[in-house]
Structure formats: C-alpha cells, structure tokens
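Letters A, B, C and D name the chains as they come in the text, with residue numbers starting at 1 for each one.
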Amino acid sequence: MSSVSEPHPDRETGARADAATGSAVSSSGEAGRQANSTNSDSGRGSGRDLLHSDRTFDFSGPMQVWQGFGQDFKELTRRDRQFNFMIRAKDLELDVSHGPILYLEGLNVSFDGFKAINELNLYVNAGELRCVIGPNGAGKTTMMDIITGKTRPDSGSAFFGQKIDLLRLTEPEIAEVGIGRKFQKPTVFEHHSVFENLELAMAADKRVFPTLLARLTGKERDRIDEVLGIIGLQEQAQREASVLSHGQKQWLEIGMLLMQDPHLLLVDEPVAGMTHQEMERTAELLTSLAGKHTVVVVEHDMDFVRSIAKRVTVLHQGSVLAEGSMDEVQNDPRVIEVYLGE
Amino acid sequence: MGLLQPLKGDTGGKIMLAVLALIAVLVPILNLLVPEGNPLHVSTFTVTLLGKYLTYALLAVAVDLVWGYLGILSLGHGAFFALGGYAMGMYLMRQIGDRGVYGDPLLPDFMVFLDWQQLPWFWQGFDQFWYAALMILLVPGLLAFVFGWLAFRSRVTGVYLSIITQALTYALMLAFFRNEMGFGGNNGLTDFKDLLGFDLQSDGTRIGLFLASALALALGYWACRWIVTSKLGRVAVAVRDAESRVRFIGYRVDRVKLAIWTFSAVLAGVAGALYVPQVGIINPGEFSPLNSIELVVWVAIGGRATLYGAVIGAVLVNYGKTVFTGAFPEAWLFVLGGLFVLVTVFLPAGIAGLLKTLRRRRSEPTALKEKSA
Amino acid sequence: MSPMSRFVFGGSDPALAMALGFLLLLMTATGAADNQSTDPASSPTAEFSASPATETAVASDAAPQSEPEPGPESASEPAPAPATASKPGSESDLTAAFDERVSQLTDNSFKVKEAAAQAIAETGDARAIPLLKALLSGDLYYRKDDDRIVYVAPAGSSGWALTDALSGEALGEVGRRDVRKITVNNRMRSALRTSIAALTLASPDPALRLRAAREMVGSDDPAVISAVRTQLAAEDDQQVTEVLTLVVAIADLKQPDIDSRLAAIEVLHGNLYPQARNALNGLLETEQDPGVLAATKAALDAIDRKRQLNSSIETLFFGLSLGSVLVLAAIGLAITFGVMGVINMAHGELIMIGAYTTYLVQQAMPGLTDWSLLVAVPAAFLVSGAFGVAIERTVIRFLYGRPLETLLATFGISLILQQLVRTTISAQNVVVQNPSWMSGSLQLNPGLALTYNRLYILLFALIVFALLLLVLKRTALGLQVRAVSQNRAMARAMGVRSARVDALTFGLGAGIAGVAGVALSQLTNVGPNMGQAYIIDSFMVVVFGGVGNLWGTLVAGMTLGVANKLMEPWAGAVLAKILVLVFIILFIQKRPRGLFPQRGRAAAD
Amino acid sequence: MISIPSFKPLLLSAGIALGLTASLSGLAEDAAPTADQADDETIKVGVLHSLSGTMAISETTLKDTVLMLIEEQNEKGGVLGKQLEAVVVDPASDWPLFAEKARGLIEQEKVAAVFGCWTSVSRKSVLPVFEELNGLLFYPVQYEGEESSKNVFYTGAAPNQQAIPAVDYLKDELGVERWVLAGTDYVYPRTTNKILEAYLKQNGVAEEDIMINYTPFGHSDWQSIVADIKKFGSEGKKTAVVSTINGDANVPFYKELGNQGISAEDIPVIAFSVGEEELSGIDTGPLVGHLAAWNYFMSVPTDENDAFIETWHGFIDDPKRVTNDPMEAHKIGFDLWVQAVEKAGTTDTDAVENAIVGLTTSNLSGGTAKMLPNHHITKPVLIGEIQDDGQFAIVYQTEEEVPGDAWSDYLEGSKDLIGDWTDPINCGNYNIKTKKCLGSEQAATE
C-alpha cells in the first residue's frame, strides 16, 4: 500500500532483479532501505531484493540511487532476468564463511524521542551461544524486534550471514531464512492443541496452497513426537494450549522454535516463571542446541546465564557496554557501576 | 472415506447434512406426489421458502468461515451476495427476450423506458448461461480479492476492517440505486420468465432450484469444512488468535487471509445467484448495510466458528421472521430484537454452543475421544 | 449466570424506572395538551408563532382581533376618517364602491377576487390594509347564509366569534361550518403583497417601509415607481433609501436618455439583487449605445465576481454545516464506541429518542415553541442518557471484552426501540416545530444568506464538543473514564468503581446522542427510522477520525462534510457520497488506525 | 455412508427434518383455521402493507383504512352474505418479502383479493406472483404507469391524472416559464419527469429553462440543491419546482426551502407525493402557498367526504388523524370490488375481473369513479395550496373526471400501446398500430 505514496527505488522490480541475479549494484536497494526505515510499518509483504551481493558498497549515498535506476532499466530489459517473486526467501543460501552469522552495525531506533537503540554494533558467530544481559530498558527486546523485522531501525544495518539483509525482509521471510524467536511473554495458539502448535511451527512450505494441501508425513509425525519428548509435553499433546501452565507454555514455545529448525534462535527470557529444575532442563536444552544452531539468549536471571553462557554481551542504554566471558563481564567496573547504579 | 475426512468429529455437521438430505428427498415427494389438500402436502410456497432459507444458510456459512475461523468480522458480505444475485438477475433479464412489456428483443424494459439505445457493454454476454455462471463466481471474487489485497497488505484489522467492509457495501448500494448505472435502479431486476428454458413459475423448476440450493449448501459446507480441517484452517485460527505470532513462524498472514476471504465471497455470490430466481427480484436493498449486519447476527445466534451453527442460525432466524411477520405483524420486531439480545447475553456460543455443552454433559468421554481421533 | 442476572435487575431497576417514568410523564403531559391544543381547523394565526419572522410580522399586525379598527396612525395616508354609520356623500360613494368590491371577494374565481383586491387597494379606504392583510393571511371568511365578509376569532371549543369586516360590528358566535374561508392563491398573494406594500410604503414604521420597498424591487408599474420616487424624496431611513434608489434605478434603465441610463447602471454596479442583474442582462439585449453597453458589461462583471465569492463562501458554509451534523451524530458514538469499545448499533435510536423527546416537550408546552428547545436539550440528554444507562446495566455489562457481540445485542436493541416508538407514539413522522429564532436566514448581503438553523446547529455542535472535552479532561468522571478505558483491571485495583463508571460513560454517550437528536429534529423528519439514517455515517466518521479520539471525530466530521459539499456541484449528491466512502476505504489503507490513531479498548484488536 | 458412531444423530436429524417441513407447511393453517372450511363462513381479504421499515410511515395508515372498510362492510352484512375477514401481514418494507407474503396470502390463506403495496418496486416484486397464481391486487398509490396487468387494479393516479394537469395549471394560472423537475432517483419520478419534459418541450419550453435533479432516497441535506434552485429561479422568468421527491426526503427539503426564504410567491413547488399525511410531519407555517396535485384532498367540501372523515376518526379514535389520496383510492377500490363480487355472485378471480370493468362508484369529491378496461379508474384532478393548518386549499379542479392512461402518449416506447382487458383484445399492452399484444405471452393467451 505504502508503495503507492513513496516509490522506493528498491520497490522497482529491476532493483530486485539486479539483486536477485547477484549483480554488483546494491545501492538502489541500500538507499531504499534508508528511506524505508523511516516509517516502521511501510512496505511489509512487498518483495524486495533479498540478496546483497557486495557489502563494500553498503553506505553509498543517494547518488547511487540514480545509477540504480539506470541499472534497473537495463535489468528490466534483460532476457535472462529472474524476478524476485520467483525466488523465495528459503532458497537463499546462508553464507557464514567469514564466521559471524549475525551482523548488527550502527543501529539506531528511537520511539518518539527516547533512544531505545543507540549506535548498536553486535556480531554473533555461527554456532555460538550468546547471552545478552542488561538492565530494563537496555534495548534487549528492541534489538530482537529489529532482527525479526518487527521494528525497523532509523539507521544502521542488520545482516544475516554475509548476504541476507534482514532490513529488507518481512517477518515471515525472516522466519523462512532461518531465524526463530521465542517471545518474552509466551505466545502460543491457545485454541490449538500442543500437537497442532508444533505442527504449525514446523519447517515446511508455508505458502497458502501447499499449506492447504499439506498432510502430515510419518517423518514429520516422528519429528513432532521427538520434540514433544524434548519439551516433555507428550501427555499434553492433545490438550488445548490454553490449559497449559506458564512454564509449560514456555516449553511449548521453545518446542515451536525447535520445529522451525532455524539457524539462529532468539530466546527472550526463556526461564521466567520456571521452577528450578525446569530451569536446569532449559539450560541443558539450550547448550545442547548450540553448535548445530546459533543461540542468542536474553535473560535477567544471572544464575541461569552463568550456567549456560560462554560469551556474554551487556547492553546499556541501547548500545553494547561490555562483552566477554561471564567473569570478565562481571568484573568490568562499568558493568558493576551500571548494575549497582540501579 | 476421503470425502468424509472433513466431517470427522463434526457431529453437528453430519446431523445438519443428514437433515438436508432428508428434506431434499422428502420435500419434492410431498410437493409433487402428495395431492393438494392432503395434510402431508408441502405447498410450492413452502418449497420456495425452504429454498430461500438454504441460500441464506450458504451465505451464513460463508460469513462464519471468515468471522469464525479467520477473525474477520465482515459487515459487507451482503455485497458479494447481491453481486452474485445481480449476475444471475442479468442472465434472467436477458432470457425474457421480447416477452417484456415493450416487446423489445434486446433491451430489458427499464432500459426501454429510460430510452437507452443499445445494451451497455457490461450486459453483453449475459444471454449465455455459462458466461453468467462465470460472472457469478468472478465478480464477487474479484471485488473481494482487490479489496482484501489492499486491506490485508496494509494490515487493516478489527473494527476498522469491519467498518470499511460496511463502507464498501454502502457505496455499492448507493451506486446501484442510481438509474444511470444500468441495473434498474431502485426497482432492480424482476419479472423473470425462465431459467435455462425452464419456466420459473412451474413447480418442477422450483423444486429444481430448491434441490440446487440444497446441493450448493452441502458442497459449500463440505468445502468450508475441508478448509478449516486442513492445515491452512489451523493457520487461519492461529491468525485469528495471535496474528503477529503467525508471521514469526513464517506464514504470510495477508495471503492466508486473502485466499479464504476471496473464497468466502465467491460462496456468498453463489448463494445470491440461487436466491434471486427463487424470490423473483434483486434490488439494491440487498446491499443495505443493515442486511449484512443481520446476517452476522444469524451466525452469532447459530454459534460462531461452528459452520453448522451458521446454518442453524440462518434457518431459525428467517423461519422466525416468516412466522412472526405473519402471526403478529405489529410486534414481531420486539420478538426478533429480544431474541438477538438474549442469545448474545446468555448464549455467547450460540445455539451450537448450547447443543455442544448439552452433548458434553451427557457423554464426556466420547467427546474426548472425538477430539483425540 | 443466575446470581449475576439477579444482580442485573436489582441494579438496573431504578435506571429503567427513571427512563420510562420520564417518558411516561412527558407523554401524559402531551395527552393533556392535546385536548385544548391545535386541531386542523383552529385559528391559523395561532400557528404563526412558528413561522419565519417576516410572516410573523405580517400576521401580527394582520390579526384583526387585536386591532379591528386601524386608527389613522397605522395607515398614515391622506386617508378619510374611518367608516362610520353617518358619513358625507362623496365618501359614502367611495365606501359604497369599497363595500361592493369587498363583496366580490366571495366569488369563486381567483381572477375576480384578484381584480377586487386590486380595486380595494386603489380605493385607499382606511379599512383596506387590515382587510387585505387578513385576506393575505387567510383570516378573512364569509358567512355561508348571507355572504357577509367577516373576521373570525376562535370562541369556545367548536364555535367562532365573527366580526363584520366592513362595519366592525360583532356578529356573535357561529359553528365552524357556517363560515367559509376566502381562499387566495399564489398569484393573488403576491399581488396582495405589492398592494399592501404600496399602501404601507409611507408607513411611519421603517421596518414596514423596508419590507414594502423590498417588495417593489424590480417592479415596472409606473404608479408604483412614481410612489417610490415621492417616498424617496421624503425618506430618511438609510436602508430604505438604498432599496428605493435601487427600485428607481432598475426602472430608469428603460429611460430614453443615455445619461440617466448610465446613472442607473452606476447605481446597479455590483449590486447583488437578482432583479438588478436580470434588468442589466435585459439591457444587454436591447441597448444600442456602446458606452452604455460597456458600462452594463462592467456592472455585470462586478456582480458576477461578487456572486462567485458568495457561492464559494456558501459552499464552505454548507460543508461545515453538513460536517457539524455528522459530528453531532457521531460524537456520542465516539464515547460509547471510541472510548468504551461498544459497537453501539442502537446509537441511531438514541438520537431518535432525543428527537422524540423534543417533540414531546413541544407538545407539553404548546405556544412556547421558542423556548421549547432550551427545555428539550437537557430533557433529551436525561431521557436518552437514562435509556443508555438502562441498556448498559441490563445488556452491555455482560459483554465487555466481546466488542463484536455488543454489535449484535445493540442491533437487537435498536429494533426494539424502533418498534417501541411505533407502538407507543405512532408509526408516522411527528411535527417538531422550529422556533422563530431558528427559522429564516441571516442576510449577509442581498446575494448571500446563511440559514439560522444551520448556523445555530454548527455553533451547537462546537459547544457540545467543547463541553464533552471539558468533562473528559477536567472532571473526576472524565479521569475515571479514561482510566477504565485504558486498563480496566488496573483502574479497578486503584479503587475506581468500574461498573459505575461504565454505566455513566455509556449514559454520557447516549445522552449526547439524545442532544444530537434535538438538533437533528430541526433539520429533518422525526420518525421511527430516523436513527438508521445516521448510524452508518456516524461509524464512518468515528473510524475515519480514529477510534477513541474526540478531536479525530471533530476533524473527520468536518472534513467529510466539506469534501462532500465540494464534490456535490459537479458529481451530484449520490456520486459525491460514493466518492467520500471510497476515499474513506482508501484512506484506511494508508492509516489503518484512522486520522488520529489512539490506543483505546476498541483500537486494540 | 455417514460413519457409524453417529447413528442417534441420524434419527434426530430425521426428526428435525420432518418437524421443519411439517411446521412450515402447517404455517398458514396455524395462522388461520384451516383454509377450506374458513371459506364457508368468511371471505378473506389480504392486507399487504409494510408495518415496519422505511415505508411503515405511509403504509400503516392504509392498513388501518382497509380494516375500517372491512369493518364497515361487515356491519352492512358483509359480501354475498358472508363476513369479510382481514388477513394482515407485514412485508417490512423488504421487497422480496413482499413477493413471499403475496404468495402466502394467495396460496396459503386463499384470500379473495389483496389490498396493498405502495412503492413501485413492491408492486413490481409481487406482480409475477399475482399473475402466476391469478390473484387480485388493488394498488392505491399514484404511480409511473407503463403497466397494465390482468390481475392488478390501479386505483391511484396514472401520470396523466396528476402531472400533466398540474403543469398546465402552473403554466396558465401562474404564468410559469422555467421548470425545475426535482425527484427522488427511482422509477416513478424518472418516468414522470420524462413525460413532463417531453410535454413541456412540445409546449415550446426551451432546453435551458428546464432543470432536472435527482436525489437518493431519504436525502436529508438539501442546502446546495435548494441554493441551486434559488439561483435558477432568480434569472427573471417565473420559475416553479415540480417535485416528485419521495416521502421522507420532503421534510428536510421543505424546511430548507423555508429557511432559505423561498416563498410560494417566488418559486412555487408543486408536489405529487406530498399529501396530508406527509404534511402532518412538517411544520407547514413556512410552506403556505406551495402546491400539490392529487385526486382527493381532505378539505374537499362534500358530504361523502365529511362522512368518510368522521368514520375514519371514529375508527382510529384520534380526531387529529388526517385522510389522504391513497386512502380514498383504497375506498374506491374496495367499493368496486364489493360491487363486482356481488355482481359476479362469487369471489372467483376471473369472474370478478370480468364483472368489475365498467362498474362505477362515487368518489369522495362528488364525482364518480369508473373502472376502465385497462384496470385504471377515472379520477378528477385537484390542485391544492398548502395552508398553515396542514390542509390544502383547493385552487383548481378539472370539470369532469380524467380517465387513467396505462401507457403514456409522451413516451416513445409506449405511445402506441393501450391496455384493454375486455374481449376481444384482452391484454395489457396492445399495440394499436400493429394490432397485437407485445411481450408477456400469458397476457396474450389469456
């Protein structure tokens, strides 16, 4: 809808095409991202160039836009072009050859005046388990919102692997490229059984008609049962999710996360409202996931963090205050000051 | 077996379909074979009445699909119903041919006395049934698609969505009232003669239309069940309950909505098309926002999110209307209004809900078994 | 459920009783009023209280009962002494002629009557003015048995007291069917006005003279013109002089000599009286002299420029007044729907109840139409408010958190209320009179007049809006309302009695709907369906403005009103409305939360 | 075929099915003690007027009128020695419902005749039903013409019994030269205005002196339109408005007229749909002198009329209620029907149809109404000026009754058509040029 009013260069199919075919011109999309990010609800759902071939052009100025347009035109007239709606997010291969799976650079977000995220730079390596801590309002959740496409930053960039520009994807697309999220407040589908909740979350072709025709294969059933085992809800499999306890809902949501089988898991306060042993099991689970997956955990509970964390990032007032092993961080005077300061 | 898959665990639906089947068998017999005067005789009046109810029921099912399972309260479904009706009406008008009062072979009467010289472009082709049939599906579908495409992409939800659907049907009503539009203005389309060569006034045709309505309802119901029992149906309910969450697990909510919404509109269109030849008139009044609201009421009374409930609601309310307007013409609005209030306050789950709880209370275990099946 | 329901009725009883009680009271009052109040044939002069100011004036000094013998002071011409039993010969001939003419008024043919009236006017007899005025206002009758021309005054319940129109002697009482009204038709009426004008042109009362002068604008009757010239010479009143000069100027356009034509054109330059424009246009056809032609064209251009300006001002005003109606209709909904999240389909009917209250109030205080509205506004607020509270207590309270269900319940309620009115009052529309101060229009210039009722309603809408804002922002109730609407549980925790607040809020919204009903009763029909005419538009306005935001409602209403009126000239009434609706649909795509988004219970989906 | 566990439901459903059909077919019989034997002691008369919805405002009065007439007749000993029994239903201003109710009345209730309908669309909606089931409808409202059905008797005015004489009056008596044709956008105003436009042009009125304007139903904001009329009327020539504005929209229209200071002397408005009933909802002070054309006014000074008003007030028990033209139409229609039944000696439709043509009864304005072969009646045309007491002062009346024209002579499509339901022609749209009936074959073969 918004494309009607603000014709972003990156909406031009040509621009998509050039990205899609991996040509060197990125600027149009880039500029589009800048402009686009100013209003948070704009242009969701509309396809954009999903690939970003060469990151050196990244902060190219508006000048590039016009070249972009020129390029667009050429692209439109190319015979071997491939339109963006032809490639789907899941077809994008994730390139982590340089190590990091998540690049957040120079991110800024402010909600009417208040700076929630302030020049945030954060890199997460593939397969690591990262804990993010910080006092309330440090911007932990907002950061996750940016990564999952819920909130658009005013400026900065967020890349998944080297090529996938998250700021140009919608929530579903981000989910498809392999980022799963568990919310702070557990949100499961109350009127569905536990089983169905997992089924819905399961990695699959999630377009409308495939979904309409989808039938559970044996393999998928096994997978669901397996996850049911992991989260220990076999007995409740057929109960409506609404009847679960808070802790169980937490588990269910983690289960849904597993079903998505994402490359990157964003886990927001997983152990809130859990008993002690539930907490331990969560800790085991998360650590076991690390390696095959990349896990980013946001948590207040220091004991829990200590029990799982190899590397800890401390956010404060929207930017990274300190980073390192739990011990390093805990002895960091600034961190102490911040936490005592409260 | 596979055909019955969608009806699994839907006792209400089965009963409803069984009733439908029985009526579909009984009524023609009682109407055609049992002689008049015999207490068992079902008059043609009753047949058309039943036929009308069935088309309403189909419409209600269409509404329940989007409201009950997708959480979209459409206050404009009457528009799709009416559009389907108009498409059929235009075909029937063309069938009149030179039997109109002015005996014009091409132009319908209302065009003759507004001295239109030739048939407007959008009336072309409606002399062919296949074309009309196509339009019955296409016109409501297309409108719904465009409207939904806009609304769902820009994430219009809740009352905002409801109100703009209302605006849609309201605008259409005003437009169709204009005589310049070429749809007969306030008088609409009427005085139909025959359909596919069958005289609309013969009992046989009426029975035929009645059976067609019954079949349409059965198929429509089955199709809706098929959708809601599919994974897509579960996604829809998920959207209803937690829209944004669905996005985060990778479904394109706007497209899910669009698909189901459009299908529902097409169903409504079909209902309208079957409605028109049975009541013998289509006029802009059908677009009136109040009609659309009323049909939401049917669904609510029958029981939201239980498709068979919609059927019950539609039939009961309209049956009530028929009885009350005849029995106590002065006071029937009190009764109807009171009914609406009482049901919403005391039966939040509608009649279907009531039945369910009764069944539950009688046999808890079976209920559980059904669920786990 | 059952203990709860007991609560309901316990809680609701007083509210209901109050509502119904008030209504009943009003109705009984009406019943009482009916017995002695207007019936179809009663004296028309009584009705005039409700007619526009101009009419009233004519009527009041036409009412013969008040001044059966107009003394010389009222008709200040060289008029002969009032007719008496014995009078000098010459005069008696005159009177004879006069009486003879008068007797012709009983004739059936309007042509004859018109001639007679003309003649009567020309006799210049002192009795002419009251007679003609009575004729004009339909107070002149004749007795069936002896065709005697009489004034009538209601006497007793059925009878009428007669006064001979000629001698002024009382003829005692008779039944209604014994006399017959002397009817006049349009053509006669305008003729009469001019003649009366001619007679009153010299009246000492400047107001009368002004009206007289206005009547003569555009007249080309030489007699009239000469009369005007003489009067103009003597005239001292500013306004009257202006009009008279205009009359003369228009006449002078036909003068043979160029200079006087030019002078006349000079006078008419940019004059907004349509007659002036027509006269000039006429001149364009006939005129030969280029100089005069040029002047005429210039004068006409000046006029048209002014007319342009006028019509754009007019359009704006129309837009705003339509907007104010929309705002009035919607503002109550902005509370019940916007703030409380109740999709209140009965809103229209609450408006209707307000309008009916106005009607009942007017019935209860016959003859005091001018004051009735001042009583009606609070009354309507109370009655509709009471209904609102009753509805909230008995139905809505069970439906919080189920906004969509409120739609269904209130829809049912709306049906009930409609039928209630049909059965208790009547299925027909009822008459709501316009107080004189709300009739007629404010003449800004001869080409531009703003109707009073629209003006007042525009004003009224703004006042209501301001008051409402005040209530919500400044009062404790307002605070609690906003608290509950934002977070019911929290508000409860802080000791807000949410049940009470809900009832009051809904009552407030309903009451305002009632007040809107009072205003609407002045513009359109008051009938059982009037509510349905506004409900849809109201929702459009609230949603367009942004649910839960009063300012949004105001801006939205006004915008839609003006937009509608701007489009109407070229699109026509229907298309304009359709376009507005389409615009709303598209706008919501762009701003899915309306003009001024705000988080309210309804906004949260 | 339905999976086994739900067998009980099957029985249940059978029950429901039977119940539903039974109750539906039994519907009518419940409403009235079994049709057949009812025929023996009473004759049923259907009343098909909206008692709720938008049209209730006008139609409830007509329902009461019919009830009054029936009561009167029964006091006189009924018809054919049987008492009349009214069957009242509420089609609720819902056009499809009109058709449904009509079918119910004829098929289930077996009524001998139906008195009902107001709007054109309701008539159009029931027309096929009456023709199919061969019922009798008496339609009491002035309408657009262009119709003549075997089964319908049009006791209201056809355009030539209202519009044309009214325009003549304005032309000749008031010297009107410019015309505003303002109407609600539906078939009656459209047709009437087309006829008038043609008629005016024939009388040498120039294109630019005619302004035509259509507004939607219940239009409530007349500011701009009235302003336009005012401008149109201030161009020097005497201007009049011919209003075919429908019911509800009139109140705001007249209020706006009054407030914008358009008096009857400046720009008279002559209305075809505004009668006493409508005026009773308006404060008529500002409207004095505006006109209406009808075939009856409450103020008609005849003894029949006084008697009628008296009975009406007695029946409705409210001395303030007015009478109006459609009420008279129903009275005439009812009288003619009663006569026809007595003459035919039966209530059988065809017999009554044959009997009724040519019958006469006295109307309330001192003349006689005759049922013509085209199922329309003869009516006097009256023109009245609104008085401040909501009544009309009659300022013009045609010397003798005008016969109703089913087909207008001023419309291309219909100027050669006539309706004649007597042998040998016996059809509704007989073309006097081609000498045969057009269209609907049931008319031709009848």
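The criterion applied here is as follows: a residue touches a chain if its C-beta (ideal position, glycine included) is under 8 Å from a C-beta of that chain, and two chains touch if they have at least 3 such contacts.
Here the structure is a predicted model, which is why all the values come from computation and not from measurement.
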item: Per-chain CA centroid nearest to the all-protein CA mean; value: B
item: Remotest chain, subunit A as reference, centres from CA atoms; value: D
item: Between subunit B and subunit D, centroid-to-centroid distance (C-alpha), Å; value: 33
item: Separation of subunit A from subunit B, taking each centre as the mean of its C-alpha atoms, in whole Å; value: 43
item: Subunit A-subunit D separation of Cα centroids, rounded to whole Å; value: 71
item: Junction residues of subunit B - those touching two or more other chains; value: 150, 154-155, 174, 177-178, 330, 333
item: Multi-partner residues of subunit A (at least 2 other chains); value: 1-2
item: Residues within subunit C bordering two or more other chains; value: 418-419, 574, 577, 589-590
item: In the complex, subunit A residues that touch subunit B; value: 1-2, 41, 44-46, 148, 150, 170-172, 175-176, 180-181, 183, 187-192, 196, 199-201, 206-209, 211-214, 238, 256, 260
item: Subunit D contact footprint on subunit C (complex, rising order); value: 34, 38-42, 44, 47-48, 50-52, 54-55, 110, 138, 181, 183, 185-187, 189-190, 193, 274-275, 277-278, 281-282, 311, 314-315, 318, 321-322, 325, 418-419, 422, 427-434, 439-441, 449, 451-454, 522-529, 533, 565, 568-569, 572-574, 577
item: Subunit A-touching residues of subunit B, taken from the complex the two chains share; value: 150, 153-155, 227, 230-232, 234-235, 237-238, 241-242, 244-256, 259, 371-372
item: Complex contact set, residues of subunit B against subunit D; value: 4, 7-8, 11, 14-19, 22-23, 26-27, 30, 37, 41-46, 48-50, 52, 98-104, 110, 112-115, 174, 177-179, 185-188, 190-193, 201, 279-281, 283, 285, 315, 319, 322-323, 325-327, 329-330, 332-333, 366
item: Residues of subunit D defined as touching subunit C within the complex; value: 51-54, 56-57, 60-61, 173-175, 185, 214-216, 218-221, 223-225, 227, 234-236, 248, 250-252, 255-256, 258-261, 264-265, 268, 277-278, 280-286, 288-289, 291, 298, 319-320, 322, 385, 387-391, 393-395
